[in-house]
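Okay, so subunit A shows up in both of these, paired with subunit B first and subunit C after.
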Partner chain A sequence: MSMLAYAVDALIFINIYAILALSLNLEAGTARLMNFGKVAFFAIGAYTSALLSLAGYPFPLTLAAGALLAGVAGLGVALPAVRLREDYLAIASIAFGEIIRLILLNERWLTNGPVGLRGIPQPLRDAVPDYQLFYLALTTVFMVGTAAVLHILTWSPFGRVLRAIREDELVAQALGKHTFGFKARAFALGSGIAGLAGALFAHYLSFISPDMFMPTVTFAVWTMIVVGGRGSVPGAVAGAGVVVLLERGTRVLKDYTSLGVEPSNLRMVLLGLLLILFLLYRPQGVIREGKYEVD
Partner chain B sequence: MEMAQILMNILITGSLYVLMAVGLTMVYRILRFANFAHAELITLGAYVAYSLNRAGMSIYLTLPLAFVASGALGVALERGVFRPLRERGGDAIALMIASIGAGMVVRHVLQQVYSAKVLTYSAPLVGYQVLGARVSQVQVVILLLGVASILAFHLLLTRTRMGKAMRATSDNPELARASGIPVRRVVLATWVLGGGIAGVAGVLRAADTRLVPTLGWEVLLPVFAVVLLGGIGSFYGAVAAAYLLAAAENLGVLLLGALGMSTGYRYAISFVILILVLLFRPYGIAGQRLGGERE
Partner chain C sequence: MSLLVTESLGKSFGGVEALRKVSIEVERGRIVALIGPNGSGKSTLINVISGVYPPDRGRVLFEGRDITGMPPHRIAEMGVVRTFQVPRVFRGMSVVENLMVAAPGREVETVTGSLLKRRQVRGHEAECLRRAEEVMEFLEIHHMRNEYAGSLSGGQQKLLALARALMTKPKLLMLDEPVAGVAPALARRIFEKILELRSRLGFLIIEHNMDVLLDFADYVYVMHRGEIVARGAPEEVLSSRQVLEVYFGE
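Showing the complex of A and B:
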């Protein structure tokens, strides 16, 4: 891969992970919904869009279906689970993510099992001169669009209620807010956006398999928002940039030096250290959440 | 499979769960956070035993050293990560995320040192017939250590000053400190004991199956299911839950076969139980709701 192609590839991944980080930031940063099953909704979006696309449906439709089904799954999880204590929701959602992965592994008739899906159609593959640049533009549009929508939402009355729930749910209830409904909607919306990211991921790689959807994906996305700053929309994007570049950096290190360290190990060790160091020394992250100004 | 063999398998699985759950449930109760790095306390012991075993030591003689290594890792994590984070005001979720980070660091350092390859100990392959069931030598040791640790813990908690101090601290840390109980020492003793036993359990599980860097991670969610089903902090609850979950898994696999479903779903049994417990009985089978604790 040429230098330029390599850079464009990294940027596409930053866009896709930024969408994922933005969705987790809405749930965990703004509303304090501790979703540790993020990867499940990413996987549902990816598999839905890939399967429909392989069945011949057009890209805009499969993309929308991926996001929609992930959102519906999110609502299905949220309805019983958002009332749980934070740490219980965290554990339950990890378990949900693992169940989804087991379904992807075992329902071969649908998902082709551990082998995964190959030859997922790429939109406008033959119509554009430089496919990577086209996909960079496409994912940039979706990433910026998601960030804009979530920015508006975060500072709208809806986002204000979510932040009130985060600070003190009892107070929000005492002020007459139906907090359950707000939390369920935030979780469903976050899951739908994760599904969108999953669909973009599947069509870019054109190949997906269950081992791409391990809990470590969720932990990487958590690292993005802890580093970026929980509650901050630009922070989530910055965090995605840091984590993806870190991953690329460890691979480059392997190719150009004789360090003798497996890049995947180095990457996970660095992600773990980033999590611990940020929680200890900079819990607000790189970009602190903005303050709500009363005018 | 005959009934005797099924019962024996339940006892073996359950005994391992007891050993793995003790430390997790005590730390969860005393320090009030879900310690995901518990998985790596299990794994570290198993790898330390592997090195000693390669150097010619009998696998049974490595058990005390695995205890020391994993106990020491528990203390190191407490001193290096969790205590500083608590002192900086980190809440239960910050501690949980930090434990995920710490687990990632330890797991991938081990994977770098020992590679991700499947390793096995050199141990005598001796088998016995007990009441019509086949049992290997390692499994006999698992059963004996399971019973011994249940007795030892019972005596520790009821007959010793440290045990009483542990119970007092887990009931109410502030009150314990006010009564002159050295809470810091109790916490460190909890890490040594709980971590050490987890390390021993890691060696036994690796000897019974195989050794991989994800050894502890693979059983972490089932062990969480044991802890929550038993009621956080309840040792006797955890013992009962360990054998209950073992029975559900061993009988569930038979049910999956009878229903014509893939036996790949055997791991999902404990995940589903975990989610159901969190949704409907998060205070466990034996425990009661604590005053002022939200569900």
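Showing the complex of A and C:
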């Protein structure tokens, strides 16, 4: 792969992970919904879009279906789970992530099991001269669009209530806010956006398998929003950039050094280190959440 | 008609009877005080009225309507709003945002409402901000409007909690120790503000400061071990032997 192709590939991954980080930022950063099963909704989006696409449906439809099904799954999880205290929501969502992965692994009739899905159609594959550049443009449009919508939503009356819930849910209720409804909506919307990211991921690689949807994905996305700045929309994008580049860096490092460590393992160590350092020394992240001010 | 009536409320936690046959009344335009030693059930009473816990027995009527067991947000929407003993401000939000979030805004506080009804949102925001400015001026916290609420002093946070409660357009305000830990001068100022608001709404206030009560309360209920043990005008009640016994065990 040429240097340019490598860079474009990295940027596409940054876009896809930025969408995923933006979705977690809405839930965890703005509303303090501790979703530790993010990867499940990413996987639902990826598999839904891939399966429908393999069945011959057009890309815009499969993309929408992936996002929609992930959103509906999010609502399904949210209805019982957001009533739980935040630490129990964290546990319940981890469990949901594993359940989805085990379904992908074992329901061969639907998902082809551990072998995964191959030959997922790529939209406009033969119509554009440089497919990578085209896909970079496509994912950029989706990433920027998602960030713009979430920016508006974060600083709207809806987002303001989510922040109040994050700060003190009982007080938000005492001020007349039906906090359960707000949390369920945020969770469903976040899950739908994660599904969109999953669909874009599947069609880019044109191959997906259950081992791409391990819990480590969720933790990488958490690292992105902690590094970027919890609650910050530009922070989620910046965090995705930092984490993807770090991951790429460890792969490149392998070619130049003779560390006795597998780079994928080294990556997890570095992610953990990054997470700890930020939590200790810069808990507000690279780009601090904005503050609503008036003249 | 009374604004708020509780009819023989009872509430137990395990074997402890926190409320026993508690019947009180609050009328519009009155400042009703609730006093009693720690653990006498005052905060539990406010929690039951505001829907945090359902009562085991009895009823809560607001403007003649039975609100017993309704969820807290429904009760607050009807105009029964409370503050907390420890001022629980939204620490990571600015003072002005603390106020704006408290304004009722059900139509625009949805995903689609916030994204698609832009004109309505702008109108709502302008109106919220106007009211927030008004309330901040009234309580003299306007100069800290852009500070993080968490950076305010304890007394300022008490003022902010009161301001935030006012933004909900309440009919009955229940204040749990609104001036505890507040410097005396500021405490009097808070009560003077409450007095200014009295004509428009009813107040149920938990307070220990006898001087403040004598000056500002219209009616006092004394609680002890979950029961109302005395009631009446502040001068009578605060000089009664029974109250002294409750407080000082004499």
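Operating definition for what follows: the second predicted complex is superposed on the first by the 292 of 295 C-alpha atoms of A that agree within 3 Å, B and C clash if a C-alpha of one lies under 4 Å from a C-alpha of the other, contacts with A are read in each partner's own complex, and residues count from 1 in each chain.
Methods note: a contact is a pair of C-beta atoms (placed from the backbone, for glycine too) under 8 Å apart; a residue touches a chain by one contact, two chains touch by 3 or more.
Note that the structure is predicted; figures quoted are calculated from it, not measured.
Trainee: Mind working out whether A:Val269 is in touch with subunit B, subunit C, both or neither, as first, second, both or neither?
Mentor: first
Trainee: Examine A:Leu279 and indicate which partner it touches, taking first as subunit B and second as subunit C; both and neither are also allowed.
Mentor: first
Trainee: Looking at the overlay, what does A:Glu167 touch: subunit B (first), subunit C (second), both, or neither?
Mentor: Only subunit C is touched by A:Glu167; subunit B is not.
Trainee: Quick one: is A:Gly159 in contact with subunit B, with subunit C, with both, or with neither? Answer first, second, both or neither.
Mentor: second
Trainee: One more residue to check, A:Ala148. First (subunit B), second (subunit C), both or neither?
Mentor: neither
Trainee: Using the superposition on chain A described above, determine whether A:Leu105 touches subunit B (first), subunit C (second), both, or neither.
Mentor: After superposing on A, A:Leu105 lies in contact with subunit B but is clear of subunit C.
Trainee: Could you tell me if A:His178 is touching subunit B, subunit C, both of them or neither one (first, second, both, neither)?
Mentor: second
Trainee: For A:Leu189, decide between first (touching subunit B), second (touching subunit C), both and neither.
Mentor: A:Leu189 sits against subunit C, while subunit B stays out of touch.
Trainee: Can you list the residues of subunit A that touch subunit B in one structure and subunit C in the other?
Mentor: No residue sits in both footprints.
Trainee: For the complex, give me every residue of subunit A touching subunit B.
Mentor: Checking each residue of subunit A against subunit B gives 34, 80-81, 83-88, 90-92, 94-96, 98-99, 102, 105-106, 216, 219, 222-223, 226, 261-262, 264-266, 268-269, 271-276, 279-280, 283.
Trainee: Which part of subunit C faces subunit A closely enough to touch in the complex?
Mentor: It is residues 50, 52, 71-73, 76-77, 81-82, 84, 88, 90-94, 96-97, 100-102, 104-105, 108-111, 113-115, 121, 124-125, 129, 145-146, 148, 164-165, 168 of subunit C that touch subunit A.
Trainee: Which residues of subunit A touch subunit C in their complex?
Mentor: Touching subunit C from subunit A are residues 149, 152-153, 156-161, 163-164, 166-168, 170-179, 182, 185, 189, 231, 289, 291-294.
Trainee: Considering only the defined contacts, which subunit B positions touch subunit A in the complex?
Mentor: 33-34, 81, 84-85, 88, 90, 92-94, 96-98, 100-105, 107-109, 111-112, 221, 224, 228, 261-262, 264-265, 267-268, 271-272, 274-275, 278-279, 282, 294-295
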